[in-house]
Amino acid sequence: MMQQRPFDLLNKVLGQQILIRLKGGSVIRGKLSSFDAHMNLVLDDAEELDGGELKTKIGTVLLRGGNIIYVSPA
Amino acid sequence: MMQQRPFDLLNKVLGQQILIRLKGGSVIRGKLSSFDAHMNLVLDDAEELDGGELKTKIGTVLLRGGNIIYVSPA
Amino acid sequence: MMQQRPFDLLNKVLGQQILIRLKGGSVIRGKLSSFDAHMNLVLDDAEELDGGELKTKIGTVLLRGGNIIYVSPA
Amino acid sequence: MMQQRPFDLLNKVLGQQILIRLKGGSVIRGKLSSFDAHMNLVLDDAEELDGGELKTKIGTVLLRGGNIIYVSPA
Amino acid sequence: MMQQRPFDLLNKVLGQQILIRLKGGSVIRGKLSSFDAHMNLVLDDAEELDGGELKTKIGTVLLRGGNIIYVSPA
Amino acid sequence: MMQQRPFDLLNKVLGQQILIRLKGGSVIRGKLSSFDAHMNLVLDDAEELDGGELKTKIGTVLLRGGNIIYVSPA
Amino acid sequence: MMQQRPFDLLNKVLGQQILIRLKGGSVIRGKLSSFDAHMNLVLDDAEELDGGELKTKIGTVLLRGGNIIYVSPA
């Protein structure tokens, strides 16, 4: 089945682990709980990574879409 | 119950302690008193943290949403 | 009485001393004279602070909302 | 008489000397000739200051509102 | 046939390999799966390049349009 | 005659030499050929200046308004 | 014939060689194939220049308008 719009990817990975790269270089990994049209995201069990390794546990987090560079299924 | 939209998280933590990371690296912790659709937030008993430690007591503060990277229940 | 929206805080401190942190690190203190929906603010008897100490007297000043990080009753 | 909105200050100082601080640190001083809702300003007899001293005479100048940090009667 | 609008290029290269340069200098290469009017893009089999060489495999990725400098068929 | 709006200055200097300072410090000088409501400008016989001296001849150029700090009749 | 609006210049140079300076200093040269109201541009036979010399051949490229400082017929 063809994927129609970029945000369909977010729908498809709801409840799954994703990886987010933010402006400034931070990388956050967590389970996608919700998103909106501005790409604001809520992640559960989120953690900040450094060089692929766990740096800080954050837990539930609301990320502003405007700072996101990319979102990728982890 | 499923969480529908990212801002539902803000509703859920009204009156509770949250942690906010701002562009430029500042971290603010305080009790969420109100928010709007731009993610402007008012915190009570806010304080700025440095490496997880208290740096400055701010008290009540209105944070502009545009500078927020993420919001997390503390 | 419950506070409904972040901008209610500005209404509440009209005529009172507030502290504003701007992008780039400047801190301005003054008496809030007026504000609008973009968080543009006019302060009276404003002064720029450096490390909590008076650096420069500015007097009346119109601050663009877009550069504001936070506003706090002083 | 109470001041209602931040832009009322600009109306009040039309034709008078004002001081403008821009993003990046430049300070411009000149006589306010006109402004619009984006805080675009035209100054007459404008000059750039450095540490409060005259650095360059600019003459008439149209400043884009988006780069303005604050406007203050000089 | 004449090309009418810049976004026609994205339509034309759907399913093909493209190269994206992001603000900050990152270069991402992958197969264009979908895009929207904000130039948000989903790539499959994406990888980050460094000096034209493979640096990291990313897989499927949703890139925010706002960080894109250019898109080019690879 | 009173000047009503900042953009009236652009109308007044159509066909005349103007000086533009851009974000990042570049200074461009040229003859204003056209402008729009976003302050996008077309200059003829444009040249980039460095310390008031000619650095590069550009010729006709379309400058995006969003990068302009100020425009001044040269 | 008078030129009415800045974008008329883009219409006039469709199919011709143009030079684009981007935020961050990159200079791209190529043949203008299409543009839209956001100044998004598609260039054919594009190449990146360094000090006026060819640095990298890019080929066809879609440039986001938001990163453009200026466009000039080459």
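Order as written gives the chain letters A, B, C, D, E, F and G; numbering starts at 1 within each chain.
Convention: a residue touches a chain if its C-beta (ideal position, glycine included) is under 8 Å from a C-beta of that chain, and two chains touch if they have at least 3 such contacts.
For clarity, every value in this text was computed on a predicted model and none was experimentally measured.
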Checklist line | Touching chain B and also chain F, the following chains | finding: none
Note to self: Measuring centre to centre with CA averages, how many angstrom lie between chain C and chain E?
What the structure shows: 42
Next item on the list: Please work out the Cα centroid separation of chain A and chain E, and write it as a whole number of Å.
Entry: 19
Check: Listing for chain F: what residues touch at least two other chains?
Finding: 66
Notebook entry, point to check: Listed in ring order from chain C, and going the way that reaches chain D first, which chains are there?
Noted result: C, D, F, G, E, A, B
Next item on the list: Please give the residue numbers of chain B that touch chain C in the complex, ascending.
Entry: 22, 24, 26, 28, 33-36, 40-42, 46, 58-64, 66-67
Note to self: Applying the document's contact rule, which stretches of chain C touch chain B when the two form their complex?
What the structure shows: 3-10, 23, 39, 65-66, 68-73
